[in-house]
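Each of the next two complexes has chain A plus one more chain, namely chain B in the first and chain C in the second.
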Partner chain A sequence: MEKMRLFKTIKQSPRWEYAKRMWYKFSRSPLSIAGLLISSVCIFIGLFAPYIVPYPEHGGLFHNFEDRFIPPFQNSSYILGTDYYGRDVLTRTMLGFQYSLMMAGTVLSLVVVPGVILGLVAGYHKGRWVDTVIMRISDVFIAVPPLVLALGICSVLEPNIFNAMMAVSLMWWPWYARLTYNVSSAMRNEYFVQAAEVMGASTFHIIFKEILPNCLGPILTKVTLDVGWVILIGSALSFVGLGAQPPTPDLGTMVATNAEKYMPDFWWTSIFPALGIAIIILGFNLLGDGVRDMFTE
Partner chain B sequence: MADRPIEISDLYVGYKTYRGISKVLNGVHLTVDAGEKIGIIGESGCGKTTTMKTILQILPTNAMIQGGEVHFRSKNVLRMSKKELNELRRKHMAMIFQDPTAALNPVFKIETQLIDIIKSSEEYEVKKKEDFRPKCIRLLKEVALPDPERVLDSYPFQLSGGMRQRVSLACAIVHNPPLLFLDEPTVGLDPELRVTFWEHFSSLTDQGITIIISSHTMDDAAHCDRLAFMREGRFIAGGTPDELRKATGQAEATLEDAFIYFIHREDSRDS
Partner chain C sequence: MKMKTYIARRLGFALFSLLGLSILVFYLARVIPGDPVLMMVPPGTSPDVIEALRQRLGLKEPLHLQYLFWLGDVFRGDLGFSVYTQRSVTNDVLEYLPISLELVVLAALMEIAGSFLLGVLAGTHAYKWPDNLVRIASYIGISVPAFVWAIVFQLIFALQLSLFPTGGLLDSQYMDVIRARRVTGFTSLDSLIAGRFDAFVNFVWHATLPALALCIGGMAQDARIIRAGMVENKEKEYIAMATSQGLPQRLVMFKYLLKPSIIPAVTVMGMDIAAMLGNAFLVEKVFRWPGFSQHAIAAMLRSDLNTIVATVIVIGIIFAIVNIITDIMVAYLDPRIRLMEKGE
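After this line comes the complex of A and B, so read on.
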């Protein structure tokens, strides 16, 4: 009888079983759950900021000098206070989430696909010339720190958020190539890859259907952790004035311009955007740790 | 004979290591006739697996073929282009690896993996997943798996070792290859399953399939039609189990005695 019941539970849906196992491993740590919550709130704000903020028009060239420099937690209509132009800090911080996440999304979608494909190809052909060419080129790119190159590119070209994203992307793909290379070159001598070779499977099939699905765990972990890093670099660029330009409500720009002029007296104009950056990065890092736990035993 | 499934002559294979080249195969000769079960018997590390991998051309990248020829139906396997080789592997050869757990992709259901192989091996018009199900079930029944429906819907980690072993056998016989390589197929199986496996291998050879088995246990050796004893990258003796037993000169010699007898003879010849 016991055996029959065991059969049935598995028979119901192995995919569901698999998902449940993954969720169990993820949810063992309360910090991962916290990360999941924080990052989903951040993503929600990022997606719907223009519709949920109290004053959508405060994102741009708006001024209302009557209400300027209202301290936080004193006026119910401006919970986090207002800045020099009388713009709501809460509104601008929430809109800043949108820019930060857009930057992370664009950079990672530009970077992950080519990086992973190059890493897979190099890993599968380990020890041959394809491997050498791809990995040495990626070494050249890795040798330059992303922030330094982005600074260079943004100061030579026009400093705007687009150029900043391109510069960071150019430097970021080798890390994905590296990671995928390490995983896939170890996978290359696994029996199931050899079994596929014996079956006469094409190189394309082996790389994308046998090896790639087994590399997804580490890649996904790195993507989640990188969201925070890319936002940090984007904010750093904006902070030194080479990223988004005012009046764009970018978190880094807000921290920089307000800290310079109004710091310690009107502290809330730069502390709250800075806290915003910290929360996004913390959320995605905790989530990334959870994802890593999910894919390791 | 022109259409011998496998004819190996004077094969030398080595691995590049940091200490130089370590020679694994030192002049292997082997001929295999169609429809026989041939056992390559030897201690671990003597080159059994390397021999098989050389025939199938799946040696690791640090291996070097230093000399010799491998013929499949009088075509040299070692000189084939990648395309010819894939064609050969797809239609004429299959292999079961030492570790059945690692031979299945851990992230796909058994059904998905079987369908992939079926798709690669035959012309098919039907495209829906359900259309492959009867064939999958038939294959699993052929290897005596109980409850094939459940197995198809499982991931490899949900099956026991013996089940996985049988699934990889099912994968290997999807396209009825005339040549089947089994690398230590009965390691880690209980006696009952072992018997089932050997019955199955015999029924395969009855259908005209040639089976090459590597093993280090004499239990397996007794089931083979012909044996080749291997030591340090060379075949030291060959023949049917009875012939090998008689060659020792003792009336009641077992295969183990025979193996030890040939090893001693080989060692004394060297010194």
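After this line comes the complex of A and C, so read on.
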């Protein structure tokens, strides 16, 4: 006991040591660092967009027809140009980040916990009826491309951003159940789980204290990557007109409505929001790759 | 022999999932939107008419019986009546689905060809500039959604450079081909059957940009997977052995190195091609491609419930077929899976 304490004071705490090793693995790839930077900037814009954009009032039903369709990089007060109503494209794109990240945040916070719990329970009871019921139900949601089911659900509801989030959440949990199931069912017969069983630990203890910590790596990686995918699906729903409705400054809505009406001549009204979507997805993809590196030996 | 049981098992699972999916969408379409009769009749219809209609459509029955009636109809090929087009949904599906499918098939062919080409290029020139180019392309490919590709391609190649048409299925002077006699419903096949090669060329010309927009994201990723497999397998001893025995480099490359390297890519390619069915919804909108997705979105925006349910089910069936074909192909390519099945 005495020896342990001495050991601890000389070396840094294992938790700190662990974090340092994780950071080392993450930072070995410059792409991961780039991903961290891009996604941090995106989150910053998403959180503080209403305070840092040049024209906060341009997010809604504002119009100023004197300044309509100013091309980008020509007028210093509208760097990315203006749209049909004379609204600043930069302002609306930055506000769009807010909606996109809100979508990703809401969907993932609704989906990850139930999905992971169902996957853990099914994985621990592999081969029993609980496993069959949970995994067969999750198969149903995976039986069509995610976008198609989300479109179907959205179309029977009122088209707005809240219902779009509900629709995406409803079909997203099975992916977490699947992932956790695969990891936890492989872990089910490991010695440490058997040891806990022999010692008479409760199922709750085994699932959450023994198995769950070992599943965290893949789950965290998937959460990071999914920020981009949820935003992609959300913007796709808005793009076909079943998500956020104009004048909401949602990126997908902006791309669609402006591409449809003003495409060849006023390309910037649609291309810059599209670029915004691509930057968010790129950032979280690179970050996700870094997180994966962190958890692989 | 074992292969047959494997396929049968996969089919069974797929059928089970599809049944579950049909229950899910049926309940979604019947429970959430409210009374379907009130959505069908114009406002101000007398309550007697509504009551009679409800009786006739079997909406007085309990919900699970309604589902079974509906499922029976589906198995007989009757997907109900479309409020949007005012005719049978089955007719709509048969008319529009081939037009979408040929776009997806073209995109799939382009994806397979492109990813092989780029993957082999990157794999044989690992850590040199072609490899780096493919790496950058794959990061861009993964982060730019298909509908953004569609808009960018339309802007550059159709609107600015006028190399390709901005949208549509065929130019107006060729429309007689599809109007006159639709044998298969597939524009490409119909134009060939009618002996109109010019119409076929015109079709391919119209389909190039949408197909490219559909496949370009997946293409770059698959190329990366093939490249990773080639680089990894190059270190294996059997390659060193083949090389040291003096086999021509080309033979080693394509016969021994490429085959095991494409197995992981085939799985991902199958998933990508299946996902194209979803992305077609976005790309068809941009290029005004008169296909199934375009039709389905129009119906969705008008809350045409029978068409919505049919869309999800039909796409689910195609999705299952693509996935099963992929599994079979992987099993065929990978001798470990194939022989294990035999040995058991």
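Note that in this section the second predicted complex is superposed on the first by the 287 of 297 C-alpha atoms of A that agree within 3 Å, B and C clash if a C-alpha of one lies under 4 Å from a C-alpha of the other, contacts with A are read in each partner's own complex, and residues count from 1 in each chain.
Here, a contact is a pair of C-beta atoms (placed from the backbone, for glycine too) under 8 Å apart; a residue touches a chain by one contact, two chains touch by 3 or more.
In this text the structure is predicted, and so the values were computed from the model without any measurement.
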| item | value |
| --- | --- |
| Joint occupancy of chain A by chain B and chain C, clash or fit | fit |
| Which of chain B and chain C A:149 touches, first, second, both or neither | second |
| Partner chain(s) touched by A:282 [first = chain B, second = chain C, both, neither] | second |
| Partner chain in contact with A:255 - chain B first, chain C second, else both or neither | second |
| Geometry of the superposed three-chain model: angle at chain A (Cα centres of chain B and chain C, steps of 10 degrees) | 100 |
| Which of chain B and chain C A:126 touches, first, second, both or neither | first |
| First, second, both or neither for A:240, with chain B first and chain C second | second |
| Partner chain(s) touched by A:195 [first = chain B, second = chain C, both, neither] | first |
| More chain A residues in contact [chain B versus chain C] | C |
| Three-chain overlay, closest Cα atoms of chain B and chain C, distance in Å | 8 |
| Touching both chain C and chain B, counted on chain A across the two superposed complexes | none |
| Residues of chain A defined as touching chain B within the complex | 7, 10-11, 13-14, 17-18, 126-128, 189-192, 194-202, 205, 209-210, 213-214, 216 |
| Of chain C, residues touching chain A in the complex | 13-14, 16-18, 20-21, 23-25, 28-29, 32-33, 139-140, 142-145, 147-148, 151-152, 154-155, 159-160, 274-275, 277-279, 281-282, 285-286, 296-297, 300-301, 303, 305, 308-309, 311-312, 315-316, 319-320 |
| In the complex, chain B residues that touch chain A | 56, 58, 60-62, 86-91, 93-95, 97-99, 102-109, 116-117, 120-121, 147, 149-150, 153-155, 158, 168, 171 |
| Residues of chain A defined as touching chain C within the complex | 31, 136-137, 139-149, 151-157, 159, 228, 232, 235-236, 239-242, 255-256, 259, 263-264, 267, 270-271, 274, 277-279, 281-282, 285-286 |
